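Please find the structures below.
What follows is a pair of complexes built around subunit A, which joins subunit B in one and subunit C in the other.
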Partner chain A sequence: MYKDSATFIHQNSHDPTVLDKTLKREIKLARNIQLQLLNGKTPVFEGGEVSGSSIPARLIGGDYFDFYPLVNGKIRIVVGDVMGKGIPAAMLMILTRGAFRSAAETTKSPADTLKSMNQALYDDLRTLKSFVTLICADWDPKTYELTYANAGHTLPLYIKGKEKVVEELPRVKGIMVGGLPNQVYHNQTVHLDKQDIIFFYTDGIIEAQNNSSEQYKLHRLIAALLENKQNSVSEIEKNILASIEDFTEGAPQRDDITMVLLKIGEQEAEISSLNSPVMK
Partner chain B sequence: MIDFLLKETADENLIVLFNGDLDIDSTEVVEEELLPAIENYKLVNINFENVPFVDSSGMGLLLTIVQSLKAKGVKVTISQVNEDVQFIFEMLQIPEILGEDTFI
Partner chain C sequence: MLTIEKEVQNVTAILKIKGLIDITTTNIIDLYMEDIGNVETVLIDFSSLEFIDSTGIGSIMNAIYLSKEKNFKLKLQGIDEITNEVFETVGLYDILEAFDGEVI
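Entry: the complex of A and B
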């Protein structure tokens, strides 16, 4: 702001209660920006459904998820966890979102997207002593193939619709974005069947703690997923969150909680009428 | 939050004994107390035996410690990492980022 000798500071701005009020207002506005960016449009497509949600441990968080409909009819999904918490992590989350959106537009595969994001973000993240773990995946409703690449993120869970089985997607290595320069990432592909579910998440879920400092852990998550696998993605999401809340008994959490679900529909998509995904 | 003890060895190297969670609340301890105290040694070993949990901020702090000491010509090694923490190190490929010879 321009100041000269005629400028004076209103006395109230030295008052701690005024500063406190200003800070609270700004955090609230920042939180609204983040919530609106995170809870944007969800793609609607034939032969399946997706949904995502994120709950920050503090007022504002560093987890990130996004969907990007590609012109070839595929849907690109990304889930990420920025190092740290609170406002600094939230600022870097916005940076990550920008890098994903522009990379998704111009890259052919999840591995290329991660490579491009690392190239775009590496210098800034090193300067800021931070990093982001990311998993990026393309769902192809025509071929039923899920192709994914990983940058140090927790592997998604694969819930088989016709069996009582939950397993991690096959491992694919890759260094977190901001870890090392000029990284090349690798694609891995799995073929999904009707009613199969892919559960992308951040470690805040399995590390959620109750008042006795016990963690929610993977086995509770798997049990809750098996119990809910016949439901729609939004119901599964709601019930998983309820299961975590029951377990944590309202204890304050150390990390943000984020999940994204992809569920393959019962009905096969008609190839002849297959439209590109629409954001709604 | 992390606490630490420093032990000088007979050959004038240093052992850092970490105690507690390496997490976001450790930021000031690491950056303002630990780093200035250890940057003038030739060889620093960080012992993780009493570190049960490392969050993403802690992982960032570890990268900062090792990379800033290396930039000052200090050789850093990390030892006695417990199984849970090692699992996270492996998932994030920390040995590849810091150099496989950092872990002993």
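Entry: the complex of A and C
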């Protein structure tokens, strides 16, 4: 009979040291899976750049972001936050990712994607007494239009490249995925200009706490974004994380932190069927 | 830390929330709700709430679904501006309304 390490562990299942080691190894493997799925390929396209990053509060987490290049040259972006933290949230995050990938392929707009995801996930999320907040957006490099729909998520910030202004994107209502069945979501569209930035994020950023239990809050995030708006998306990302780390002074991270940036370039996009977004 | 003061007046149970509703404390509110007894109305008072995270919102959602199962009306009160914004954003009030609950 074939025996592997798992067989050995099963036979020693009463030994707490062996169990502890097994658990640690499996959580580490789960973390690797999640990090690889989250930090996969990023779309490269003319006329702008996108980037995303996620740092779980524990070894694994429930935040989620993804990019999906559409055949019409648009890029579909999603950012989500599964209720809770740790392993249970991470399992539901994987479920959410599957639902997004499947819905993005077959739906025409962000609102349709969220509707399809809610239909796919509602029963499971209710059974598990959980929910996911999601924001989904399509960036069209040809028309400079960002169309988005919201399922209970914090609205992204809009940093105007030519002005010293940061504001929330116009509000669009929609309840979290897993809250009620048969939900209809609505699209909202904004026209972006060169150098504009859209900052999608989860609340772990503004609720990050220092050792005096003060929160990072929106005003510090806005200040950090204004200070960095001339930088590339990866530099902005790095500097925002550094700003949060400076503020929290090594206090334990309470919630998962996720951000996705879309920055419109200086150059006009010359989109043809040959230079649609590619994943790199 | 979370403490809950429960008071029953005729057919109404009042749960006064004090402190944080997060992943470390939601089981307390869940237990209170499961053991709410035979009442017509449950009023959750958030006047002394300090912070609520997504797990806490999950607990309030469970209370909403439980209101249908156990046939009571759920009312929420004492919600401050920040919590109101969070409840509004996630769509908690829409769910409450769908289950005939209300904010007072």
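Quick note on the criterion: the second predicted complex is superposed on the first by the 264 of 280 C-alpha atoms of A that agree within 3 Å, B and C clash if a C-alpha of one lies under 4 Å from a C-alpha of the other, contacts with A are read in each partner's own complex, and residues count from 1 in each chain.
Quick note on the criterion: contacts are C-beta pairs under 8 Å (C-beta built on N, C-alpha and C of every residue); 3 or more make two chains touch, one makes a residue touch a chain.
None of these values were measured; they are calculated from a predicted model.
A.B. asks: Sharing subunit A, do subunit B and subunit C clash or fit in the superposition?
C.D. replies: By the criteria stated at the top, subunit C and subunit B clash after superposition.
A.B. asks: Per the contact definition in the header, classify A:G161: touching subunit B only (first), subunit C only (second), both, or neither.
C.D. replies: neither
A.B. asks: Under the stated touch criterion, which partner chain does A:F131 make contact with: subunit B (first), subunit C (second), both, or neither?
C.D. replies: In the superposed model, A:F131 contacts both subunit B and subunit C.
A.B. asks: Looking at A:G152, would you say it contacts subunit B, subunit C, both, or neither? Reply first, second, both or neither.
C.D. replies: Once the two structures are laid over each other on A, A:G152 reaches both partners.
A.B. asks: Of subunit B and subunit C, which one contacts the greater number of residues in subunit A?
C.D. replies: Touching more residues of subunit A than the other partner does is C.
A.B. asks: With the two complexes superposed on chain A, say which partner A:G265 touches: subunit B (first), subunit C (second), both, or neither.
C.D. replies: neither
A.B. asks: Residues on subunit A in contact with subunit B in one complex and with subunit C in the other?
C.D. replies: Shared contact residues on subunit A (touching subunit B in one complex, subunit C in the other): 81-85, 129-131, 133, 152, 154, 173-176, 179-180, 255.
A.B. asks: Please output the residues of subunit A touching subunit C within their complex, sorted ascending.
C.D. replies: 81-85, 126, 129-131, 133, 151-155, 173-176, 179-180, 203, 207, 255
A.B. asks: Sort out for me which residues of subunit C touch subunit A in the complex.
C.D. replies: Going through subunit C, the ones touching subunit A are 23, 53-55, 57-58, 61-62, 65, 89-92, 94-95, 98.
A.B. asks: Quick check on the complex: what are the subunit A residues that touch subunit B?
C.D. replies: These residues of subunit A touch subunit B: 81-85, 129-131, 133, 152, 154, 173-176, 179-180, 254-255.
A.B. asks: What does subunit B use to touch subunit A in their complex?
C.D. replies: Interface residues on the subunit B side: 23-24, 55-57, 59-60, 63-64, 91-93, 96-97.
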